[in-house]
Amino acid sequence: MNYLAKIRENKPLIYNIMNEVASNFSTNGLIALGASVSVSNTPKEAEEIGKNSKAVVLNLGTLSEERAEALLLAGKAANKAGIPVILDPIAVGATTFRTKVIYEILSTIKLAAICANAGEIAVLGDALEKTTSPDSSIEENNPAIAKKVAKKYETIVIATGEVDVITDGIQTTLCRNGHTMLQNITASGCLLTSVIGAFISVAGNSMYEASVEATAGYGIAAERAMQKAYGPGMFVPRFLDELYFLNNEVINTQKKLEKYQA
Amino acid sequence: MNYLAKIRENKPLIYNIMNEVASNFSTNGLIALGASVSVSNTPKEAEEIGKNSKAVVLNLGTLSEERAEALLLAGKAANKAGIPVILDPIAVGATTFRTKVIYEILSTIKLAAICANAGEIAVLGDALEKTTSPDSSIEENNPAIAKKVAKKYETIVIATGEVDVITDGIQTTLCRNGHTMLQNITASGCLLTSVIGAFISVAGNSMYEASVEATAGYGIAAERAMQKAYGPGMFVPRFLDELYFLNNEVINTQKKLEKYQA
Amino acid sequence: MNYLAKIRENKPLIYNIMNEVASNFSTNGLIALGASVSVSNTPKEAEEIGKNSKAVVLNLGTLSEERAEALLLAGKAANKAGIPVILDPIAVGATTFRTKVIYEILSTIKLAAICANAGEIAVLGDALEKTTSPDSSIEENNPAIAKKVAKKYETIVIATGEVDVITDGIQTTLCRNGHTMLQNITASGCLLTSVIGAFISVAGNSMYEASVEATAGYGIAAERAMQKAYGPGMFVPRFLDELYFLNNEVINTQKKLEKYQA
């Protein structure tokens, strides 16, 4: 399916409960891709926007009690309305409060996908105690752990690392697109989660395929951006440009995907 | 009047109650233009900063109960001190809470100007029920609706669209400057509202002329930025550069303004 | 000491309680430099992150009652754990609330360094009543006032201006690196404070030397960025690039430091 074409045609409204650090970058990234965005972090609007959007992205950065309440209300409203919910469990394990909120989301909201770095997925899979910062990552991205998390929460898992792992617990794909410069900027994981949300919002029952395509497309845009950038500063605007010009043909030609068997 | 020269000479303090998504971009845009900026979103400071600034910009993005209180306090303090207040009623109609706060502002605070996209102005003019997202817009920008809103609230209205409409309810100007790339980035309306605030802050009784000039200047900066940019990513820094280098001569040479008669 | 090499080797976690305007820029700046970053502004996490980080940066922008509480909790937890605390007293004097919170921090938390513009340092040194905006500055950067503040609070003071002053109350260094374009963007002081935090976090007992080196390195990166930038818009990504490529050799070759005797 040409997910990108569908995003640009339908301009699905992605509801981002988004942290303060990532909000500008992730909004610009989604608009560059062709989606519409609403960013609102208050419990006073969470249910109403949640049920009127095409996907709800729950981002745990710059958490507060107010945001925690909004995350739960938005997720539950989306569940009730049959709208896909995507979770970015930023820095799970780093603090008691954060970890508690993340597990409350996991136990009360049905997720379409969890998108996080390998370290955070390892925490969710009980293979690591905690992550130290949203930008930390571990070297090895173990597909077995991602599968375990996917099975446990009956969801798609996108675990990012040197090689990205996408799994629904049954099928698993490895993606070798991307560029290490993504680790030298903040919020690259936040925007990927939002992009996964946009692809899933137009995917119908092909949410797994959409997640694979989104991950590859995101990585390809990063590769192309680095052909024009110098360091992490110029990488950001170049990357947004490449998301804007990304299309299905480029993805099909440049994607580096591999089915994983274990 | 050379409003830009006055901004650069006086460096008026613009008090922005500004959403999380737009705060960096709109602050950088105002500084590039030559103004000073204070961003504060707490009721604990709203009255004090409000009465000590040269213009107060009320932006409704990433609203919360706390921000709603700050918006009302700042607006009222500015009214009392005779300082112009400019409203950006982001996504009016999208949620009950947001809409209620916006109409409370409209009914209790005297506004110098309302700056919003055509869809939001249509909601305020009872011609449309709601807007779906801050980045949505409608194709037609009806001057008659903008005039109706201007008359109802006795204020200047700047309604942005393919053609921008500036009206004080009596005089109406159409502005054909600008670039569609402004729709592919977030917060372009937020920054425009702040820029209108900066122009109005040095305009004395010529607030309508200042609003026309600001709208044209903003559009011209966008046109010039796209001569050097590629996509929406590089457009942002190029646009800030052009606001910094914008001057009266460039505006006078490149403005595309037309008086509207109806 | 090669502080930059140590930052890149150890990737110290800098805990930023950071304002909404500066959070993306300062996080990207710290990552570009080689540090890890955690941004959290809630009292629910402040003590836990505070005691587990390598430096705590208290930034007063976009203050709220919640942030004020987080600032105090994080600072006290860091003090207890022997972790250096760096304060950026943004716009001290501008409002009653802000000023009260800043003096509460100053009277209850032991600071490793205060980093602020000359105007803010003058307020702390009782030489100026208030600053009007976070971007305002005064022309003269008086080393005697910076020394007075350093002695009073037994801390290092970095006062930025046309010439930067770094002092621990006994030794004083003037730094002539930097570029005026830093005054045409928002949050350049916020990021400098974070960078000071990163240098201090790896400095052991050489915190004064680390502060001097950080200030020079920051200024040098700005000078190099302007060789490739046009205006303030392009300056931002170019500056982040230069922080990423900055190294000890460049600092040693290009630093313009002078010991101040008075």
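Letters A, B and C name the chains as they come in the text, with residue numbers starting at 1 for each one.
The rule we apply is simple: a contact is a pair of C-beta atoms (placed from the backbone, for glycine too) under 8 Å apart; a residue touches a chain by one contact, two chains touch by 3 or more.
Since we're looking at a predicted model, the values are computed, not measured.
Rounded to a multiple of 5, the Cα-based rotation taking subunit B onto subunit C is 120 degrees. Where subunit A touches subunit B, the two copies mostly use different residue numbers: shared numbers make up under half of all numbers in play. Centre-to-centre separation of subunit A and subunit B, using mean CA positions: 32 Å.
Annotation for subunit A: residues touching 2 or more other chains are 20, 24, 236-237. Those residues of subunit C that touch subunit A in the shared complex are 13, 18, 20, 23-24, 27-28, 31-32, 36-42, 44-45, 48-49, 52, 66, 236-245. The touching residues of subunit B, counted against subunit A in their complex, run 19-22, 24-25, 61-65, 91, 94-98, 132-136, 184-187, 230-234, 236-237.
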